[in-house]
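Letters A, B, C and D name the chains as they come in the text, with residue numbers starting at 1 for each one.
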Amino acid sequence: MITLVFLGRLAEQAGGPTRQLPAPLDWAGLLGALDTGLAAQVASDRVRLALNGGLLADKTQLRAEAGDEVALLPPVSGG
Amino acid sequence: MITLVFLGRLAEQAGGPTRQLPAPLDWAGLLGALDTGLAAQVASDRVRLALNGGLLADKTQLRAEAGDEVALLPPVSGG
Amino acid sequence: MPVDIRLIDAAFAPGSAIDAFAAAHPQAGGIASFTGQVRVEEDVLALELSHYAPLTLPGMTALGDDVLARWPLAGLLIWHRTGLLHPAEPIVLVVAAARHRRDAFQAADYAMDHLKSDAWFWKREQRSDGWHWIEPREQDHADLARWRVGDGAA
Amino acid sequence: MPVDIRLIDAAFAPGSAIDAFAAAHPQAGGIASFTGQVRVEEDVLALELSHYAPLTLPGMTALGDDVLARWPLAGLLIWHRTGLLHPAEPIVLVVAAARHRRDAFQAADYAMDHLKSDAWFWKREQRSDGWHWIEPREQDHADLARWRVGDGAA
């Protein structure tokens, strides 16, 4: 399994802070596993992905294997 | 009488923090009342005068009357 | 160790931290600090800060290294709250000790400007009508941009 | 009263002052502070600060007014020690509270830069071979000059 971690408002929209998906997982698989509204947000330029704590420069190149953690990071809050 | 107040290193050079001089007192009278080394320092651009707490824009225009306080202010220390 | 970087999950007093930090760096002539606190505002009951541990603390640590490489500091402290905060509680404390005043000021200023881009925090406010996420601010981008021109000489 | 300006003739703890100040200004989101302390250096036994009361406190008060006129602050604190100080004791504390971080930082920075020209202090150090007066520094002039170009936007 792969663990998705939703941060900030994405956790609220996903209905919880984490979700499990079957491995392997790529970008198309990720978007397909999310409901339409959430997928549109994740696809937007403002949301970044981290794989096992490392930010992905190009999130469409996501390749997650069993045991990996994929974090979905919306823009951080202002001050 | 007029009270002279010597600040910083001038107090050391004057042998004490204050001195009394007879009124009235002008710039020439002040320089004349100080020994040569101290007078030269007071005359330099780096020393300012205050009359009763007010800085003099032009110290050579000093006019002190009985009861006045004349402060001799060397450059303040850096930090 | 000159660098003290922490994520903190309970209320703390900045003053005690500043005094302890100053005492730990007696060779420094100047200590600059910045405390960000939850503003007491009408209808703000609480503030919640969430973070993503695998990114947030490494981001703060990297920021600390960056600051130390830019200014000759005797010490640097960066503490950031997480969890549920009440109005008037400190959110963030940055303290920089240096031999020279300008280095301490600039290091603290730079660390604050970069904390928001290098450390990942999401905030929401509780008001009487519920929770509201706090959006990014344009001012934060402008603050960061200051450091790209002239490299810290601002 | 938003301004707290004092000449202080005994040791004080900056942290306590900063915490009390922050608590007094709960509507401020940010508190910037600067503490100058007597550096612990080999062969410096003590530092003596003398001042001329008719100029020094009015100078500090005028500086406070100037700072408040330049930045929208919730509060401003300027405390300066006089008398005999030992190594590691605080000499000066400036704290500025503001709604916005940049205002607090700039106000504290500006106040420190101007304290030396607007407030009159003379300092001498006691070393093992006696007392030595501390001269003016060129850096102080450079620090002041920063504010004349661009009026605080540095």
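As a convention for this text, contacts are C-beta pairs under 8 Å (C-beta built on N, C-alpha and C of every residue); 3 or more make two chains touch, one makes a residue touch a chain.
All of these numbers come straight from a predicted model, not from anything done at the bench.
Engineer: Provide the labels of all chains in contact with chain B and in contact with chain C.
Structural biologist: Common contact partners of chain B and chain C, which must touch each of the two, are D.
Engineer: Please report how many Å separate the Cα centroid of chain C from that of chain D, as a whole number.
Structural biologist: Roughly 22 Å separates the two chain centres.
Engineer: Can you compute the centre-to-centre distance for chain A and chain B, using the mean CA position of each chain? Integer Å is fine.
Structural biologist: From the centre of chain A to the centre of chain B is 75 Å.
Engineer: Measuring centre to centre with CA averages, how many angstrom lie between chain B and chain D?
Structural biologist: It comes to 27 Å between the two C-alpha centres.
Engineer: Residues of chain D that contact two or more other chains, please.
Structural biologist: Correct list: 29, 36, 101, 139.
Engineer: Give me the residues of chain B that touch two or more other chains.
Structural biologist: Residues 79.
Engineer: Which chain pairs here would you call touching?
Structural biologist: A-C, B-D, C-D
Engineer: For the complex, give me every residue of chain A touching chain C.
Structural biologist: 5, 7-9, 11-12, 50, 52-53, 55, 69, 71, 73-79
Engineer: Can you list the chain D residues touching chain C in their complex?
Structural biologist: 13-20, 22-23, 26-37, 39-41, 87-88, 90, 99-102, 104-105, 108-109, 112, 139, 143, 154
Engineer: Which of the residues in chain C come into contact with chain A in the complex?
Structural biologist: 36, 50, 52, 54-55, 58, 116-117, 120-124, 133-137, 139-140
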